[in-house]
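Residue numbering begins at 1 within each chain, and the chains themselves are lettered A, B and C in the order written.
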Amino acid sequence: MAEVELRHVTKSYKDTTAVDDVSLAIKDREFVALLGPSGCGKTTTLRMLAGFIRPDAGQIVIDGKDVTDLPPEHRPTAMVFQSYALWPHMTVADNIAFGLRLRRLPQAEVADRTARMLDVVGLPGVTKRYPSQLSGGQQQRVALARALVLGPKILLLDEPLSNLDAKLRVRMRDEIRRIQQELQITTVYVTHDQEEALTMADRIAVMNGGVLQQVGDALDIYDRPATAFVADFIGSSNLLTGILRLAGTRALAQVGDARVPVEADGLADGAAVTVSARPEDMEVLREAAPDAFRLDDTRLVNFGAYKRLLGRHPAFGQLEARVPKAFRLGDEPVYLRFTRARAFAGDPKPRG
Amino acid sequence: MAAQAPAMPAIRLSWWIDDPRMRRMLLRLFGGALAVFIGIPLLTLVLWSFAGEWFWPNLIPTQWSLRWWQEVLENPRVIDAMVLSFTIAPVVTLLTAVVAIPAGYAFARLDVPYRRTLLLLFLIPNAFPRIGLYVSLAVLYYQIGLIDTYWGVVFLHMIGTLVYMTWITTATFRSIDPHLEEAARDAGASPLRAFFSVVLPLALPGIIVASLFSFLASIDEAQGTLIVGTPHYITMPVLLYTLISSFQRPVAAVFSVLLALPSLLLLVVAQRYLHSEYVAAGLGRV
Amino acid sequence: MAVVTSARAVPRPRRFDRSRAAGVLLVLPSLVYLTLFVFIPVIKAFATSFTVRDRDDAGNYTYRVGLDNYAQLATSDTLRANVIFTVFIAVTSVAIVFVIAYVIALALRFGKGPTAKFLGRIYIVPLFIPSVIASYAMITFLANHGFVDGILQALGLPDGAFPKIVFDWKGIVITQVWLSLPFMTVLLSSVLLEISDSLIESARDVGASSWQIFRHIVLPLSAPGALIGVTFMFLGVIGGFTVPYLLGPNAPQMLGVSMVYYMTNYFEPYIASTQAVAIFLLSLVAAVYYVRQQFKREIR
């Protein structure tokens, strides 16, 4: 019952286009993460949803109603800010009750809903305290309660966990997801942390340079990246440049002397492509073989459950493969072969 | 570079500053001298105000008395000046606040067109020599009939206070996280409501300090008031000009102490809130 | 559901921009005030300074544009002496205040002992004393047969040997120093606070002495901010009236005093305005510097 749609939304500042023709439809009760590096336009997009920024072009539609020209106070959205933005001169209870009082609800109901919301976020009994007397995690919960108490149709979160330490971040991640599921609320979540996006969201919208790169669930984004940027930004990838050769149903990329089998949707024969492969899609060979890449200066980095094999190819630079933890390096050189790769048109360098 | 050559001249020049004990001693001497320099002139005034008889070169009065206080406090001219000063200052402060706070907010938060140019214009009152400005203003006042009027004095006092308060409030509003205001809008507050519920309470300490200083600046303004307010609008410091010039030493002393009281009261009150930025922003009371 | 890739939407019509309109509306009152009570007088002062009043044979006044007022300012010995005197006083007092204030600011920034605490309490006091009172206090303190003279008498100085301080340039300078000390100190303290401890500590780490740290790190880093204070005070002293009026000599006069005399006693707005503009031009370099620096701070 709360769907959001961005239609060709564009926002430019003096010399940059912060958000460039973004269209995105978010379904009812869906949790969508806007993911991208800093300056990619994700926060601008979120702030346009909230009504703090007016787009230069395009429309924002909530439940079929065009809200593009509505100020934030007239939109059914509620935002949790990165800095929490708790009002320091008000107690926790007053912070949460502020919006309820603006709506002239009876005193008893205000108190009741405030207390109930504090229960939901797991923070009962702090009503009389001031924000400065709370820990970062507690402030985060209060900010969430303040946003949720008004029963918004859409919850907007702007990098809400970036000010917390690593442990707490993981806990709050689960907590936010639990609350979202419990309240069945449509949620848009801005983050630059792919782990957050991959673990929390139903769908992820990857942005770069103001442009929406790909929208899909975690598996889509990871396994079938739509652009070289996504392939590079999500997880890690080996990126090489080559020329696409189509032969019947098979597609090969000519990379130096080697030919790499690739998935290349809709690209023409002879196109310059970027070949991308996940470290786990690399086969490690102990001796030279056709279509394999020789690695120099190899070293192993231990990740506990597995190891990463890093090395340099004389022509193509740094390459890496994921190897079992029992893997050992000998004196002889090591070769890598691509077992699965994707080809994208153009240069691998991310824009913006 | 400094490591190799043990620069003899540098060491000789600075031996006293490099030795902590010497430095501490010099600092104490300096502190003592400063205390004498700042404190004793004020103390002499207080002594004079209670002096019944003080013949030079005695270092303290030979006779104590309250009769100068009595004389000053019963003098109708003094009473008039006090009443006038204390009716001008609140009006100046209030008008300044009403005009400066919105401007400060706009400069800090809103998309004001030609913001840079406007901010530049706001610096002019401090860049043009103040007394020159007052003299020019007096010429204008003659032409438009504001010379020797209540409002003429009020508007003159506002020159200094307006610029000062605009700067302070701009800095204060800017120091408040804009997200706090956005959060209020998000919760359903109108722009005006968000300002009064969230921004204004948080800016209040800065505004109060700026208002107190404006009040004080108005009470203390002498040179401009002397030019545009005479002969009918004699405020306390303008009256002090005449008292000093007429060489009635104890009377002037009593009056000085009286005039300094509001300021000293403020010193006690404001010390807690006295952020250096407020003063640094340009309290032009030189 | 992938990215929608149909034609781009047309730009939204430029709506009445509330933020800009509100900004204009909120700034407007102060702008009107400044125009009426600052900009117009300043412009008029310029205009008046270039206006020459002649008297014809019938005794009627005629007016024309000319540089005669400035010529008078430059050729009249009295007026020229006033200009030189004003600059001399301003430079001298600013230099003295700067040195004293810097010492206090250093002590406040780096000192921890009770002396630093004590300094922090007393230096601020003159800020709260109106300049008229300060001037009068200095008169009673420094005049011949004043307090200091009395102490020196008690110490054996012969009567009449006390130098003339009040009604002399020394009196103006000392009082100006007294009054401007808090402002300059506060400004320098805030400038010194911006120098991070890590810079000092890393210098100490490589073996720099206190003097070397001061000379090569603290002083250069504080210079830009300190210059704002210097120019502001310079402008203040040059455009001041109270202190030279109460403590200055009859001749030469500082321009502030001379201007008011020309205005109120001789009713000569032309010469008065010319002096105002002359002060302004004299301090123009300082004013431009001040405005630019202050501006850099204002703009994020």
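By definition in this document, a residue touches a chain if its C-beta (ideal position, glycine included) is under 8 Å from a C-beta of that chain, and two chains touch if they have at least 3 such contacts.
This is a predicted model, so every value here is computed, not measured.
Undergrad: Look at the interfaces B-C and A-B and say which one is made up of more C-beta pairs in contact.
TA: Between A-B and B-C, contacts are more numerous in B-C.
Undergrad: Report the chain whose mean Cα position is at the greatest distance from that of subunit B.
TA: Looking at centroid distances, A is the chain farthest away.
Undergrad: What is the distance in Å between the mean C-alpha positions of subunit A and subunit C?
TA: So the centroids are 55 Å from each other.
Undergrad: Subunit B to subunit C: how many Å between their CA centres?
TA: Distance between chain centres: 14 Å.
Undergrad: What whole-number Å value describes the gap between the mean CA coordinates of subunit A and subunit B?
TA: 54
Undergrad: Could you tell me which residues belong to subunit B and also touch two or more other chains?
TA: Subunit B, residues with two or more chain partners: 191.
Undergrad: Report the residues of subunit B in contact with subunit C in the complex, numbered from low to high.
TA: Subunit B reaches subunit C through residues 2-3, 10-11, 13-14, 17-18, 23-24, 27-28, 30-31, 34-35, 37-42, 44-45, 48, 56-59, 98-100, 102-103, 105-107, 110-113, 116, 118-133, 135-140, 155-156, 158-159, 162, 166, 170, 191, 216, 219-220, 222-223, 226-227, 237, 240-241, 244, 249, 252-253, 256, 259-260, 263-264, 266-267, 271, 274, 276-277, 279-280, 282-286.
Undergrad: Note which residues of subunit B are touching subunit A in the complex, please.
TA: Listed in rising order, the residues are 177, 179-180, 182-191, 193, 197-198, 201-202.
Undergrad: Provide the residue numbers of subunit A that touch subunit B in the complex, in ascending order.
TA: Within the complex, subunit A contacts subunit B at residues 50-52, 71-73, 77-79, 81-83, 85-89, 98-99, 102-103, 146-147, 150.
Undergrad: Please give the residue numbers of subunit C that touch subunit B in the complex, ascending.
TA: 17, 19-20, 22-24, 26-27, 29-31, 33-34, 36-42, 44-45, 48, 100, 103-104, 107, 111, 113, 115-116, 118-119, 122-142, 145-147, 149-151, 153-154, 176, 178-183, 186-187, 189-190, 193, 206-212, 214, 229, 232-233, 235-242, 245-246, 255-256, 259-260, 263-264, 269, 272-273, 275-277, 279-280, 283, 287-288, 290-291, 294-295, 298-299
Undergrad: Which bits of subunit A are touching subunit C when the two form their complex?
TA: Per the stated touch rule, the residues are 7-10, 21, 23-25, 54-59, 68-69, 212, 214-216, 226.
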